[in-house]
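Labels A, B, C, D and E are assigned to the chains in the order they are written; within every chain, residues are numbered from 1.
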Amino acid sequence: MSWSDKEPMISVRNVHKSFGDFEVLKGVSFDVMKGEVICIIGPSGSGKSTLIRCINALNDINEGSILVEGQEVNDPKLNKLELRKKVGMVFQQYNLFPHKTALENVMMAPIRVLKEDKKEVEARARALIKKVRLEGKENAYPGELSGGQQQRVAIARSLAMKPDVMLFDEVTAALDPETVGEVLITIKELAEEGMTCILVTHEMGFAREVADQVYFTDKGLIVEHGAPETFFENAKDPRTKQFLSQIL
Amino acid sequence: MSWSDKEPMISVRNVHKSFGDFEVLKGVSFDVMKGEVICIIGPSGSGKSTLIRCINALNDINEGSILVEGQEVNDPKLNKLELRKKVGMVFQQYNLFPHKTALENVMMAPIRVLKEDKKEVEARARALIKKVRLEGKENAYPGELSGGQQQRVAIARSLAMKPDVMLFDEVTAALDPETVGEVLITIKELAEEGMTCILVTHEMGFAREVADQVYFTDKGLIVEHGAPETFFENAKDPRTKQFLSQIL
Amino acid sequence: MDDLYEWFRDFYHTTGINLPFIYDSYDRDRMIDGFLTTVELSVICLFLSVVIGIIGAWLQGSAFTWTRRIVSGYIQLFRNTPPLVQLYFFYFAIGSALPRVETEWGGQAPMLSSFAWAVISLSFFAGAFNVEIFRSGIESVPKSTVEAAESLGFSRLQIYWDVTLPLALRVVLPSLNNNLVNLVKTTTLAYAIAVPEMLYVSAQIWSDNVNVPEMMIFLLIAYFVLVGILVWGMNRWERALKIPGFGS
Amino acid sequence: LAQADALDDIKAAGVIKVGVKADYKPYGFLDPSGAIIGLEPDLAQDVADRLGVKVEFVPVVSSNRMQFLEQGKIDLMIATMTDRPDRREVVLIPDPNYYSSGTNVLALKKFGLKSWEDLRGKPVCGIQGAFYNKKTGEEYGADIVAFKGTAEAYAALKQGSCVAFVYDDSAIVAKTKEPEFADYEMPLPTIDDAPWGLAVQLGQTAFADFMSKTIIDWHKTGKILELETKWGVPNTPFAKAMHDKYK
Amino acid sequence: MTQPPLSQPPSGKKTDMAVMLPFKQKSYERFRIELKPWHGVLLAMVCFFTTTYGYATTGPEVDSILTVMLRWIPLLLKGFLFNILISVLSMAVGTAVGTMLGLAQISLIGPVRHSSWFVTQFFRNAPWLVLLFFAMYLLPFEFNIGGITIPFPDWVKAIIGLSLPVMANVSEVVRGAVLSLPSGQWEAAESLAYTRRQTLWLIILPQCVKRMLPPWMNLYSILTMATVLAFIVGVPEVMTLTGRALAAEGERTDLLAPFYSFVLFLFFIYCYPIARWTVYLESKFAVKN
């Protein structure tokens, strides 16, 4: 394969996506280099979730191209399973498997999908659970965990697949400020370890602290982007300005 | 009735409330004068919602007393209907009636409960909908409104009963920053018009701008309170400090 | 018309496919009666069973323990015993214990005919299920919506009629649909107490003519049409009740 | 399927399956142990004895007895079936007939029924699958209300749901003798005095011949009369006539 | 680290309409407290005895109702055992075939999906009694495959006739349970690179079992009650035997009420515990999720 570290890890080029007559994405382009952390912010309904679902091939696209490590995601011949081994995703609603304990949730995919050795996976899974600071909750079922704890199990579950890229979709939207803090610390640590991350978030404070690039979407387009310092202080686009001014 | 404007509009005295064995409120006291706006902040589960539900007699209390305009809320002989004409409540989840249009939602209670004249109510309802800046959405069903719009219909619905006091329970928790802005402007206008308001909120920015008093609750007690300036800048209690430090 | 009948008679002689309910005037008349009886029985039972369901569900929420006990007892007794045996029991055991009335042919007949007993028995049978269906629908109306109504001062009956029931109805429509389809199918049981409905007439015809397969296929088609009409009607109703953003 | 010789099959199997009624006292009914007894089961037992095989009773009702025979579920049917030409198209009925009864009604004496026409427009109880239902309905205009079993029909009659119960006259005669039915009578002229036929599958001529001989023997020896007495039925004119004829 | 208790567990699906919260069926809590099993037994007994004595107008020369009942009860119980046997076997057959049919209904292959949908609807919408008639008249009494004769006695026909609607209903239960899982579960599994088959067997079906159990048991209870329809086929089940017993007792009309209430009673004591167990499972699973 011709892809090298020098090229973008993820390259989104002029992506269009419609649901029926309704065009959600109207030509979105951006690149993410290996180890970069980008945040996507924007009003509700602007297509943020749709965009990152396309990167993971959960939605297909109508036009344009998405390359992950040089591989076209929208290629019908693409082996989606291979793609998903490379790209991990954490959902806003966690989507843990409720019939499995925290540890089993984390271990299941590596064992069943990657066919890895059970012992090895278990060691890794326990390490991951420790990493997301959930020691002692290994045998708890999702129903017995608080929202923030579930969210962290979901992160560990994705990490167990050793992905190259992690996608986070508004992982903190439904949590109270304290729990938000816990989850964000976990993500920050990942970013510091050099994981390539794409985050959709409403937490401006977090975007400011951790992102290499901030993208602002509105009505299916990227309206403005930049490094957090310049983005938050000197937004040029009127729409962005208006949005940021609303934040108290 | 012996109550006069000089006395507290709402007087909460040593209120205790348990669910089974679990004591949610452990002796809460505070006063609200006519036209005052107070904000209650605090971590999840600290009993904020329970407290304001008690004021509206949606929950009964185990000990203490709650006076609204000098009337004991916890009196079993109390005419709840009379109380609820005086006290309006807006819920976090809006709780609109999904099978009624925005206008019908606003009109229903005055017509069915107060038995007011339909024409009159309609005129008032339209005025209220205008006040919350929703002209043109009169015939939309809740499902066709964005979260912020639904929240404003909920406010109009309460106002249509011409209450003396309004209770707001985390009315903005699930909204994106822009929509939060819209709702808060509406509440601010109400406050300026002299409505007595009690708000439970996570929006510190708003609390700072609009509140006459801020109360911080933790584990069923009011831990600290004060005017917003002093409260946010010079919190003394360690728990309050920790909570405030979490906010990014 | 007569030619058509003759054609079917010839059809029998040439092909051996015997459809006497088309060419034989006596069989034709009784089949038309049978069809009408089935329709009449179904429509009356559908209506009554829904009324029983609504009232029963309301009584289930009653404050009087004994009201609830009686409704529960009714439900359990009816849904845990075979409707066929219920029919027998009603018609033969209860029926002959009732006061008698003078008949036009000078006899003393029981007050209720077998048709009336079929109506009663099948309505109560399906009604027992409907009570539970409505009950679960009412449970699925969030407490918060009911509280919203409460906090606007609605009375208990007003809440049930204006808010709970309309919302519950929308939730339970699929299971209600299912139960009503079952009810239409169950009307065949009236055959056992000699209500001349379609199966009864068909059985008479096939014992006179030994043409079981033909009659059987006719019956299946006839019930398909009947059930189809019911399902079509329920779907139209469902669409008419549809409100935006509800049960996508 | 039919053309293998049933007699050989029966002998090879060592058992004959006979369709009889199980809800028609006294011709075929249950005893509390669940065994089927009655006049017709006794006849079936006699057939089995003659063949030197065991007998297996299969309970049938009017609405399914011919299908059972057609399908081969039973080898022989002795189930109160009226011998009618259209039935002879479907099953093979050996001659002579073994029994006979007519159609009549059981009704309250106080109604004073005189002729079949009196039934017009009135509800008349019946048994599902009986051939005279249609005739009573079509020719005399009665509203037939047919039940699955005789118990239900008698109950419906007694509770007043119908003006009369149309049924086999021999059973009605026996019924009017019971104290419970003291107020009832059999008021009409018997119609359709129709012989009963036992039946085998179409094409089983050897078996049918064997049965013909057996039936003649029953009449000759007075077995039918004897069984009537045993099961409490007054000796019927048909049985007496046949006995005289073949004696 | 303090863990603030969540006042509301996150529900599976995000909706703005609170009304669309998943069905929670805790409604039966009330039954559990107020209606004990013996209430039902009591009720049935009352039915039974009032009718028994209500008709105690028998003269001296006939047996009393109680004597008659005692004479026949052993046989009726045997018949009832037959009902249970039929219900168990039909349920087993119907469940096995119905599960396959239900999975076929969510197949990605169009023709498989459509034809299984049609079969399901066909047997779901036909009256049970008609299907039984069908099985009785249109099935041969024995099958001949390559010289081996497979007999189809009545009770087998009854089982076939009853397992057809059971199959169709199970098929719908399976399909409904699979579809009722939040789509997030499919997506989570997909994004973890599970194949469709793995997703179905490892993630979806294990979660469905819980959801399917209550409706499945409900179906069983309905099936059990439907076994009396086997009187059509002439199987010696309890209703058939009741009819014959009444005939053998000379059609005494005063016997109808006690006999039928006895049959009601038998079914009640068998089905009621099942219904209660179903309710218990329902509420148990509802809380867990």
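Here is the rule we use: a residue touches a chain if its C-beta (ideal position, glycine included) is under 8 Å from a C-beta of that chain, and two chains touch if they have at least 3 such contacts.
Source: prediction; values computed, not measured.
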| item | value |
| --- | --- |
| Chains in simultaneous contact with chain C and chain D | E |
| Centrality ranking, top chain (CA atoms only) | E |
| Farthest chain (mean CA position) relative to chain C | A |
| Most distant chain from chain B by Cα centroid | D |
| Pair joined by the larger number of C-beta contacts - D-E, C-E | C-E |
| Chain centre separation in whole Å, for chain B relative to chain A (CA means) | 36 |
| Inter-chain centre distance, chain C versus chain E - centres from mean C-alpha coordinates, in Å | 19 |
| Rounded Å distance between chain B and chain D, as computed from the means of their C-alpha atoms | 84 |
| Whole-Å gap separating chain A and chain C, where each centre is the average of the chain's CA atoms | 53 |
| Chain E residues counted as touching two or more neighbouring chains | 4-6, 16-19, 137, 253, 256 |
| Where chain D touches two or more other chains at once, by residue number | 67, 148, 152, 155, 158-159 |
| Residue numbers of chain B (touch at least two other chains) | 43-44, 93, 95, 98, 142-143, 147 |
| Partner chain C, residues of chain E touching it in the complex | 16-21, 23-27, 30-31, 34-35, 39-40, 43-44, 51, 54, 124-130, 133-134, 137-138, 221, 225-229, 239, 253, 256-257, 260-261, 263-264, 267-268, 271-272, 275 |
| List of chain B residues in touch with chain A within their complex | 43-44, 146-147, 174, 176-181, 184, 202-206, 209, 243, 246-248 |
| Chain B to chain C touching residues, read off their complex | 56, 58, 80-81, 84-85, 87-89, 91, 93, 95-99, 108-109, 112-114, 140-144, 154, 157-158, 161 |
| Chain C to chain E touching residues, read off their complex | 60, 65, 68-69, 72-73, 76-77, 79-86, 88-89, 92-93, 96-97, 132, 135-136, 138-142, 144-145, 167, 170-171, 181, 185-186, 188-189, 191, 199, 203, 212-213, 216, 219-220, 223-224, 227-228, 245-247 |
| Complex interface listing, chain E residues touching chain D | 59, 61, 71-72, 74-75, 78, 136-137, 140-142, 231, 234, 236, 240-241, 243-248, 250-253, 256 |
